[in-house]
Structure formats: C-alpha cells, structure tokens
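For reference, the structures are reproduced in the following blocks.
Each of the next two complexes has subunit A plus one other chain: subunit B in the first, subunit C in the second.
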Partner chain A sequence: MAKYVLHRLVVSALVMLGISAVVYFMLHLVSDSPGRIVLGQRVSPEAVAAFDHQHGFDRPVVVQYLDYLGRLLHGDLGRSYKLNENVSTLIAQNAGRSAMLSLAGLVLALAVAVPLGILQAVRRNGPLDRAATAVSYMLYATPSFLLGLVLIAVFSQQAGLFPAEASQSHSPWAVFTDPRAMTLPVITLAAGSVAVFAQHQRSSALDQLGQDYIRVARAKGLRERQILTRHLLRNACMPLITLVGTLVPTLLAGNVIVESLFNYPGLGLLFLNSLQREDYPLLLAYTLMGGLLTVVGNFLADVMVAAADRRIEVGR
Partner chain B sequence: MDSQKNLIVRGLSVEIRRGDRLVRPVADVTLELGRGETLGIVGETGSGKSMTGLAIMGMLPAGGRVTGGSIELGGRDLLAMDPRRYRGGEVAMIFQDSLTSLNPTKKIVEQVAEPVRLHRGESRRAARERAREMLARVGVQRDGYPHQLSGGQRQRVMIAMALVCEPEVVIADEPTTALDVTIQAEILDLLDELRAQRGMSMILITHDMGVIAQRADRVGVMYGGRLAESAPTAEIFGRTRHRYTRALLASIPTLAQDKDEELFSIPGAPPDLARPEPGCPFAPRCDAATDRCREELPPFTGTYACWHPVDGPVTSAGRKRLPPSETSEAGETSGTSGTGEALLRVVDLVREHPTGRRTVKAVSGISFEVAAGETFGLVGESGCGKSSLGRLLVGLDRPDGGEVVFAGERVTRPRRAVQMMFQDASAALDPRMRIGRILREPLAIHGIGDRRERVGRLLDDVGLPESVLDRYPYELSGGQRQRVGLARALALDPKVLVADEPVSALDVSIRSQVLNLMRRVQAERGLGGVVISHDLAVVRYLADRVGVMYLGKLVETGTTDEVFGAAAHPYTAGLLAAVPEGERTGTPVRGEPPSPVDPPSGCRFRTRCALATEECATTEPPMTPVTGTHRVACHYPLREGRNG
Partner chain C sequence: MRRHPLALAGGLLLLLVVGFCVLGPLLHPTNQNDVDLVNAALPPGGEHPLGTDTNGFDVLGRLMNGGRVSLQISLLAALVATTIGTLYGAVAGLAGGVVDGFMMRLVDVMLSIPFLFFVLILSARFHADALSLSLVIGGFSWLLSARLVRGEVLTLRVREFVLAARVMGASRWRVILTHLVPNALGVIIVTVTFQVADAIIVVSALGFLGFGLTYPTADWGSQLASGVTYISADYWWLVYPVGACIILTVLALNLLADALRDAIGRPTSARS
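Moving on, here comes the complex of A and B:
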C-alpha cells in the first residue's frame, strides 16, 4: 500500500509540473506585458519597459517560468498586480470560505443522491424512478446561475424565506453561524451534483442488485432493507468515490458562479474579479490550484477505492 | 408415511408476469422429500427446476407468484408463512458458484456469521465463532476476502453459509457446475457427508445425469415446467419410463459408450413457456408422439407422465451407428494419423502472461502434431493453460517461445486455414450484426466472391434455415448460435478447426446435436481439429488422439482409446476417476492445482500425486513412449490394470 501511495504521489507531482508549465506559457501568450497592466493604458511605453525590466519581465519566458517555479517551491505565489497584496495571502484569506461552501454542497449532494440512487434502483422503472430521473436530467441541464436566480426569485423575493445574498462574514464557518443566508448558495451548488451522483449511483446499484451475492443474502433470510445497508451500499458506492474525486475541482468551478451570484467572498469571486482586472499572478495561482485539486482529488479517490475494495492490487 | 416426509410439494404451479408476457415456469409439480434423503431434480434450462427451488425458498423473481399447490415442511404450510422466517434457517439454498456469489467487500467469516446472528439471535462474537467452526468443517481454514479464494473454496464457503444454521432442508442448485470434475467430486462428497451427519434432507438440482446417478436417492426429471418422471434413482436408470428421460440419457456422451455410435440427438429446442401448447410439452420433439400427445396432457401417474411410456434401461437401440461411409473414412484418417505428415505442428510452445511482478506460466513447452483429418483433444482442469494454447494455435496470441507450424509455415497471426470455434457463441457473435453479415464478414475480409451462395451452403452444412440470415444473434437459441459459430469458423474453408469448449455452454439435449454436427462436418471436409475441453466425455467423443494438460505441460498423449482405456499418468487416471459416472473406480485427484505463477519443481503434478517421491521433486520426467503412439511424462507410470 505504501509503495502504491508513493508511486501515485510521484506521478501526481509530475502531472502538477506539467500543468504549471502549460498554464504559465498560455497565460504568457495571451497577456500584454505586466507593466502595461499594472501601470495602466495611459503610461508611456518607456515607463512600461522600465517597469518590466525592473521586475525581470523582459527576460526569456523559460527563465521567467523557472524563476516562478523556484519561488513557488518556497511557497511564494507572486504578488497581485492590482490588490497590492501577496497572492498567497489573498488565497489564504478566501480559501477557507470557499472550501466550506464546496464541502457543504458536496455533503448535501451525497446525502441526497446516495439514498435516492439506491431507491431508484430498487424501484426501477417505477413512478419514483421515472420522476427522479426526469428531475435529475432537468437539474443537470439547468445552468447553476439560472437555477440560483430562480431560487432567489422564488424563495427570497417571493417567499422571503432566505436572503438573496450569502453571508458576508469573514469566518469560514458561515455555513453554521449563518445557515439561513447560506441555504440558497449551498442548494444551488449541490443541485447539479445531485443529478450526476444520483444517476451514477442508480446505475451502479442496479449493477450490484444483479450480482449473485444479493440473491445469496436474500436466501439467508435478510430483510430487503438489511440487504441494502449491509451488502449493497458499500459495493454500490465504489464508482461514486472515483466520481466525487474527479468532481472536486468542478465544485471549485461551480463556486465561481455561485459565489458571484450570491456575492459570497470566496476564491471564486476573487478569481472572477482578477479575471476582469487581468490580474495574472492571481489567475495563475487559481488555475494551478484547480489543477492541484484535480490531481489530489483523483489521488485520494484511488487510494480510497483501493482501501475500500481489497480486490484492487496495490503495489503495481 | 407422511411423518417420514420432511418436505412435501403438491401440485406446485408458478407464474411470472413481466409486462404483457406471462410465463408459467412451473406447472403442477409434486415432490416428496424424506428425512435424510437426497432428491435429485434434473432438467435443462427452462425446465423449471431452479424455479421450483426458488418457490420453496419463497424467492421467486419480481412478478412471480405461486398460483397453485402447496409446500409443506414438517407439517407446516410454507406458503402461508413469511418466507424470511424459515429462509436461511430451516430451509437453505446453495447456489452455483460464480465470482459474484459472495459479497466482494466483506470478509468470509462475517458473511458466514450473518445467518447465525439473524436466525439464532446470537452475539456478533458467538456468531463469528460458530462461523469459524463451520468454515473449518468445510475445509476453509483462514479468513479473508472472497477474491482471495479459489472457485472450489468459494463454493465451500457457500456451503458453510447455507449449513451454518443446521437447516432441515438444503436446496443445492447446480452446486458444482462451474467447477472442475476433480473439485466437483470433493464438494459433492462434502455435501453428502454433512447431510448424513446432520440428518438433513437435500434437493440436488442439476443438469448432470452422472451426478444424479451417484448422489440422489430419488430423481425427478423436469421438462417444460412439468415433472416428466419421478422415481428412485435405480429405477430412473434401470427402468426408464418417460420418452424424454430416455432421449436425454441416450444423448449424453459417456466414457463407456461405443465411440463409433453417433449420439442420439433430440431434435428441436425446449418449449417456449410463454406460449404453452396443449398436450405433452415434449410432444414436438418426441419421435413417438401421436395426435393424442399433442392434444391431451398426459396425467402424472405417480412415476411418469407419458402416453406412450417405454419400459427398460436405455440401450444403444436409440442410437444410430455412424453411416458406413463415414466410419470407413474416419477409420482411414485415424489410420494415417500416426504416420501421415503433420498438418499442424506445435513445437516447444511457451506463453507467459506477466501480471505486475508475477508471471503466469500458462503454456510451458508443449509439442504435438495434428494430421489432416485428425482431431486432437486437449483436456485438463481450468487454469491448466488449454485456452491460452488454443489462442496460440490460431494466431490470436503470440508465443514467448517455440512455434506453431501450419503446412510448413510459422503461424504468427490469424490465418484463413486455421479457424476457431468459441465457447460462448452469444459472446463471440457481434450482437448488432445480423447473422448474414456475421457469416459474410470473414469472406469480405479475404475478398472472396459469391458470398451469398457460399453462406447458403454453409447454412446447409450446419443445418440452419435461410431465415436466420436476417436475424440477430439474440433471436437465436443457444444451439443455433453455436451452429452459427461453427459456420463462421468454416466460412473460410479452413484446414484446421480449433474448438475451445464447443458445447459447455449448451444444454444437454442440444449438446449432442452440436457434437454430432461437428463430427460429421469434420469427417465430410477432412478437417484437422483441435478440441479443447474440461469434459472428458466430449473430448473422447470427438478426438482421435488426446493430450492431457497439467499446469502448462502435456503429461500424457496417445490415441483416445489408449489414454482413456489405459491411462499411464496418475493425473489422467485421477481425472477419469473423478468423472461422476456409474460406479467409482480408482482414486480421484484431490485438491486444486497449484498456482501457475509458481509451479512446483520437477514434475508439476507431484504435489497432488500419491506416488510422488524425492525424484519427482528434483527431476522433471521426460515424455517417454509407453507404446508406439502412447507417451507419458511420469517417473512411475501406471501399468495397464493398475488404474482400474
């Protein structure tokens, strides 16, 4: 197991290196010189050139990349062009809030989708299954900004049950301290995932229900509910673990929309704003973080599946 | 008398409704099971034998219900009870082993302990203790996850799971069908032993007449959802009454039958239970059927349900001898096989499959020859490398050493002249292609013209109507699909046909049709053949010469008569003794083969051999001739008569 984990770690590190290179060079291609962005459009080209020279932006891009990489290894993500603050500080300030929002969305999505998917499989092709499938596809097809707007219109403006704006607290624990304000954002974030998870869980549970061990469990005299909880649940969740791992970065992307829609001060909002301001060091850091989450998510999913399913050969 | 009876099933009828389709898989079945008795139920797919078992367990599939009759256990009406109260406790079921019959993510002790907790209400700890005892009793010593066990061990776990609550009745549904004969014998011994020890009654559901003959006290023969015949075992075999029973018995290849006799084959296919006909369900396939049979259902007399019963044992009267022309042809070819030049030559073939750090040594230096018109049979247990070898023969896989030579040329990729017939035709035929396209495809690949005409001739050869050309594989029956598989293999006019388990996926009555067809086609076309099977009787029926494989090596080769009649290798003798057929002679091979990852030194069979000595561990026995055509790789070959 340890060897397997180590092997996966090395591979993950290499993938990260690749991502950083691709992102760095791509941003370099689309961006004007940093001097122009920082100093604005009205400054003379000479001043821009002087700024670039002073900060080493006129060196060959490979050198700049290696320099960036070197500083990255020391935890230095550079400095925001516009916010006059270290990128790492900005991320640290916002990451907790985003993570809590994502986590809450993920937990809600799983809590709904896992039992729903299994129930759908057990009552396959019944009215509940059909209805749930239809709703799932509708939710899946609905862009989250639209869903968010609808939720705001219905539950905030019409019914007045929840505020239209998310908690503005600087604490990451807003989900717990101000649950009313966080309800709509979390639901909006979870809705799309519920659809994907439930359909996935349904087909995986159907697959498992057809396996002989379910029939054997029945022959032992177990109640249907016991068969589901003791035998089916764990086996049917295996594919979902992998899916959740790969979806973690998607939740981050979902954050961008939900955070801006509900004006929640998290990484997504920070990213959106820096996109408008062409604040490349921040964009670079945010993209790298997305890559890191993807890699870590996959890594964790693989390790968890290997731990949960003993048939997977580890150490290869 | 009823007090002696444990389980009484009277007039049981079952129907299953799925959408608009209504199927009656069990109709008016009456069975009685005495205390400590084994009742065998035989029948083919769709005969209703498994469904009867499931009905007793109260485990009918969705849409299924009992529509008539009664099931009593010790005087209690099971149909009136909640099945969960007796299921797994008083009545238990053992299913056919499959890779998925145990929960892959639970340890086996936990799985065996589950019924104890459920039915006895014991603590987790006590239940585990009980489970461990039961597992030790069935010969599984260590705990672990199901994938760490072999097929035989998994079946032992299944038995432990069923018997851990000491049920009064155990229903074993094809308990050994997925297992090798060697392990089959062990599992059946174990079941018999436990049954006798605990005074349990057993219903043994199987399609294998040999198993029934050896293990059952009474037999019920089912056909088309009905009981065709029911009698003590000796009577079923000694005084067969129903026409179907007789036809079934005559269509099974055995190790004792005269090879020159063609197997009796029952024409047609089992009835469609969604469309019940009046009259006897077997009437459309019965050679003695009269109008009465087709119109009026024969009543069950207590032993049989047939308007024109037979009386007496099955003799070769029902079998055709091969037509003289074919026999003489077969005689000629087998005469040339020893001296004629080889069509297919296998020289020191080696194939190793690396899996991670370990290497599975599937084929470890195998040599043999096949002459034109001759069929070479390969037998061995599962995992001995016979299928890997088959793939090498047709060039679907490349050897790591040695070579396959066809007509003087090395086979390195698939070629026209060497074709393969696969085990499972439903998996080997593209489900989205019509049969016509499947058969024309090989011709198109090789740019052969007049395809339609050729395909028409192929269909004639394998006895299929033209109408199948427009059908999809799923629309055909298993036997028809296997015929298509044969036609596809023959499409390119091969010189050698390699058949890997050609009939093991088929029902007994269909098997003989396909076996006869293969024999006839091969004789007509003068094809060389390689038949790979774990079924000794099938190989004996089809092959002129036989090679016995053990862990990637040939241990014995010779003519079919030599190998089956006077086995020289202890392994061959042990395999033959394990076949459930008539009286048992000799000692069957015990246990399971070691892993092909790390085969034993010297003679690979030594770990399971009663005759093994020091020498066997240090020196690998070379192939040495016993007679001109009979060769064996053993330091202590059996002499004729010693293996019984």
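Moving on, here comes the complex of A and C:
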C-alpha cells in the first residue's frame, strides 16, 4: 500500500509540474505584456518597456517560469495587476465561500444520487427507474445556468420562497447561517452532478447485483435491506469515487456559472471579474488551483479505492 | 433501430432540429437584419408566432438562425476534437513504450486543467467569432477521444491484419489511416456525437457568461443570455423557447450517442 501511495504521489507531483508549465506558457502566449495591462493603453511603448524591464518581465519566458515556480513553492502567487493586492490574499478571502458552496453541492448530489442509483438498479426497468433515467437525461441536457434561471423564475419571482441572490455574507458558513439564500445556488450546482452520478451508480450497482456474493447473501437469508446497505453499497460506490475525482474541473466550472448567476462572491466570480480586467496573475493562480484540486482529487480517489480494494495494489 | 426506440426518437428529434434550422427560414422568412423598435418585445401571436425580442427581431426566425450557428460551431468543434484525438490516440497506441507513456501523461496533464477556464481566457482575449470559437473548443476537447482511440488501437495493433500490413511494408501512416482508424470508427462516431452535445452546452455557457459570439451574430447561448436579462419583465418567450431548443438538441444527441454506443457494444463512455 505504501509503495502504491508513493508511486501515485510521484506521478501526481509530475502531473502538477506539467500543469504549471502548460498553463504558464499558454497564458504567456495569449496575454499582452504586463506593462501594457498595468499601465493602460495610452502609455508610450518606452514606459511599458521600462516597466517590464524593472519587474523582470523582459527576461526569457523559461526564466520567468522558473522564477514563478520558485516563488510558488514559497507560497507566493504574485501580485494582482489591477487590485493592488497579493493574489494569495485575494484567493484566501474568497476560497472558503467557494469551497463551502462546492462542498454543499457535492454532498447534496451524492446524498440524492447514491440511494437513487441503487434503487434504480434494484427496481430496474420499473416506473421509478424509467422516470429517474428520463429526468437524468433532461438534467444532463440542461445548461446549469438555464436550470438556475428557471428555479429563480419559479421559486423566487413567482412563489417568493427563496431570494434570487445568494447570501452576500463574508463568512464562508453562509450555507448554514443563511440557508434560505443558499438553497437555489446549491440545488443548481448539484442538479447536473446528480444526473451523472445517479446513472453511474445505477450501472455499477447493476454490475454488483449480478455477482456471486450477493447471491450468497440472499441464500443466507439476509434481508434485502441488509444486503443493500452492508454488501452492495461499499462495492457499488467504488466507480463513483473515481468519477468524483475526475469531475473536479467540471465542478469548478459549475462554480463559476453558479456564482455568476446568483452573484455569490467567491473564487468563480473573482475569476470572471479578473477576465474582464485582464488580471493574468489571478487567472493563472486560479487555473493552477483548479489543476491542483483535480490532481489531489484524482490522487485521493485512487488511494481511497486502493484502500477499499486491496487487489489494486497487486495489479499495479 | 426498432429495438432502440430511444435511439429512433433521438434521431428523429435531431432531424427535426436540423430541418427547423436549415429549412425553417424558407417557410418562415424573417428580417433578421434591421432593428424594428416599433414592434419590439411583442408577445407571441399573429405575424410573429413566438413574438419579437427587444430589438424587434422575430424570435422564431432568430431561433432558426441561432440554431444554425450553434450547430455549425458544435459540429466543427467536435470534428476538430475528434480528428486531433483520433490521430493522437492512434499514434500513441501504435508507437507504444516511452512515446506512448509520454503522450498519455501529457493527456493526463491537460485533462487536469479546467478547460472552461482556458476557453474563457481565450475568448475574453480574442473577440470570438464562430470559427475561432469552434477551433478553441475543439482544441481543448480532444483528450477523451485520444484516450478511447488509443485503447482501441492497443487491441487492434496486435491483430493479424495489422501485422500483415506491416509485414508487407506499409508505412506507419498507412497503417494508421487505412487499417486502424476505420476499425476504430465505431468508437469515433460515438465520441463525435457526445462531443457535439457537449459543445452546444459549452457554447451556450460562454454566451451566458458574456464571452460568446459578438452581437449581432447570435447562437442559442447568447440569445438565451440576452433573454435572461428580461426574465423579471415577464418576457418569457425570450427565454423558454430557446432554452427548450438547447435542451431538446442536446437530449437528441445524447440519446443517439448512447444507442450507438450500445450498438457497437463497447464501453466508450466519453462522459468519463
């Protein structure tokens, strides 16, 4: 096990290094010179060149990248071009709120999808299964902002049950302190994942239901409920763990859309505003963070699956 | 087909959507060029079956035009993605060893980067038109097809007909293009279909976030995005018809892709 974890750790570190290189060079390729962005369009080329020289932006891009990497390892994400603030400070201010939103969405999605998928598998081709599959297809085909809009139109503007805007509180705990304002954003975020998770859970539960250990459990005379919770659940959840790990980029993209739709001040909104301001240090940091989260997500998923299923170590 | 009623439904629905977008303007010709503020924001009825938008454009006609733009972008993006992915996967699978290892780790790296971020950054920097948008989306979504095709090639490359071709002295590219790719075609077609569906969603998300096509060209996404502004003004006909168009098209494509996947009998989940 330790050897497998170590192996995955080294691979993850290499992938992370690759991500930082790809993102850095691509952003460098598309962005104007920092001097031009910071000083504005009306400043003479000489002033821009002087600014770039003073801050070392005229060095070869590889040198700049290594320099950035070195500072990154010391926790220095650079300074925002436009907000006169360290990128790490800005991210720290917003990360908690975004994380809580994502987490609440993920927990809700799993809490609905796991039992639903298993139930669908058990009652395969029954009315519930068909209805849930149909709804999943519909949800999957619906852009999340459209779903959010319909929710706002129905539950906020017509029924008046929930506010149309997410909580504007600066605390990351808004999901708990202001649940009414956070209901619609969390549901919007969770809905798309529910569709994907439930269908995966259904097919993996179907695979497991055909296995011998389930037949043995039935032959022993265990109650159906016990078979499902004690035997099936653990085995049927494995593919889902991996799926959640690989879906991190999709979940983060969902955050950008939901935060923009409900005006929730988190990292996604910060990212969108930075896009308009051409604030590349922020864009770079957020994209790298997304990559890091994905790598960590994949790593944790692999280790968790390996911990639950010892055969994987042998296969490696 | 008869054994797959859902596939049939998906296919018919797709035909309907394409017919609506391509032939529709012939049956319902509208002026989509001149602003007509006198007739702005009319509710559905009479001359305008789906009303007019806030610039006085006929919504039904606009849906047809926007659908054509959306379908064009998505199809082109999917073709770009699949071409790159197929060739990349085939080369990696055929090469094997260190080259394969390096090429697939690069795919891992790219897959870990939230791709919407990049598309957003690029379309914010360069004002997007239909062509550049499809190239950008296609250029970032070939990764999964590369993986799938590589897997397919790994099983194909040790089969007799490939070995025979190589023994006869066929070049690598000849083996890839005339032997491997045609045999991986089933997998490829399924991925294209899924990717068109995904691209429609991505394009509409870009439109919503304000980084889609620039006015007056409008795909469904940017139409929906501009309609959204008026949802509290009760202009429902600016939101729900275009929303329904997006959902139905993506639904049709997904149904079709799922059925095709069953038909070729391989687990090719482009949905990871």
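In this text, the second predicted complex is superposed on the first by the 313 of 316 C-alpha atoms of A that agree within 3 Å, B and C clash if a C-alpha of one lies under 4 Å from a C-alpha of the other, contacts with A are read in each partner's own complex, and residues count from 1 in each chain.
As a working rule, a contact is a pair of C-beta atoms (placed from the backbone, for glycine too) under 8 Å apart; a residue touches a chain by one contact, two chains touch by 3 or more.
Computed from a prediction, not measured in an experiment: that's the story for all the values here.
With subunit A as the common reference for superposition, the partners subunit B and subunit C occupy compatible, non-clashing space. Of the two partner chains placed by the overlay, only subunit C lies in contact with A:L283; subunit B stays clear of it.
Of the two partner chains placed by the overlay, only subunit B lies in contact with A:H231; subunit C stays clear of it. When the shared chain is aligned, no partner comes close enough to touch A:I241: not subunit B, not subunit C. Judged by the touch definition given at the top, the superposed model places A:Y213 against subunit B, while subunit C stays out of reach.
Using the contact criterion defined above for the overlaid structures, shared-chain residue A:L72 touches neither subunit B nor subunit C, since it reaches no partner. Vectors from the Cα centre of subunit A to those of subunit B and subunit C enclose 80° in the overlay, to the nearest 10.
By the touch criterion defined above, A:F145 lies against subunit C but remains apart from subunit B after alignment on the C-alpha atoms of chain A.
In the superposition on chain A, A:L27 makes contact with subunit C only, while subunit B stays out of contact range.
Once the two complexes are overlaid on the shared chain, A:G221 sits against subunit B while remaining clear of subunit C. The partner that reaches more residues of subunit A, of the two candidates subunit B and subunit C, is C. Remark: least CA distance from subunit B to subunit C after fitting both complexes onto chain A is 6 Å.
In the three-chain superposition model, subunit A touches subunit B and subunit C at no common residue. The touching residues of subunit A, when paired with subunit C in their complex, are 14-15, 18-19, 22-23, 26-27, 30-31, 137-138, 140-146, 149-150, 152-153, 157, 196, 243, 246-249, 252-253, 256-257, 260-261, 271-272, 275-276, 278, 283, 286-287, 290-291, 294-295, 298. Interface residues of subunit A, counted against subunit B in their complex, comprise 211-213, 215-223, 230-231, 234-235, 308-311, 313, 315-316.
Subunit C makes touch with subunit A in their complex at residues 105-106, 108-118, 120-122, 124-126, 197, 201, 204-205, 208-209, 211, 221, 224, 228, 231-232, 239, 243, 246-251, 254-255, 271-272. Subunit B meets subunit A in the complex at residues 57, 59, 83-89, 92-93, 95, 98, 100-106, 114-115, 118-119, 145, 147, 158, 161-162, 356-357.
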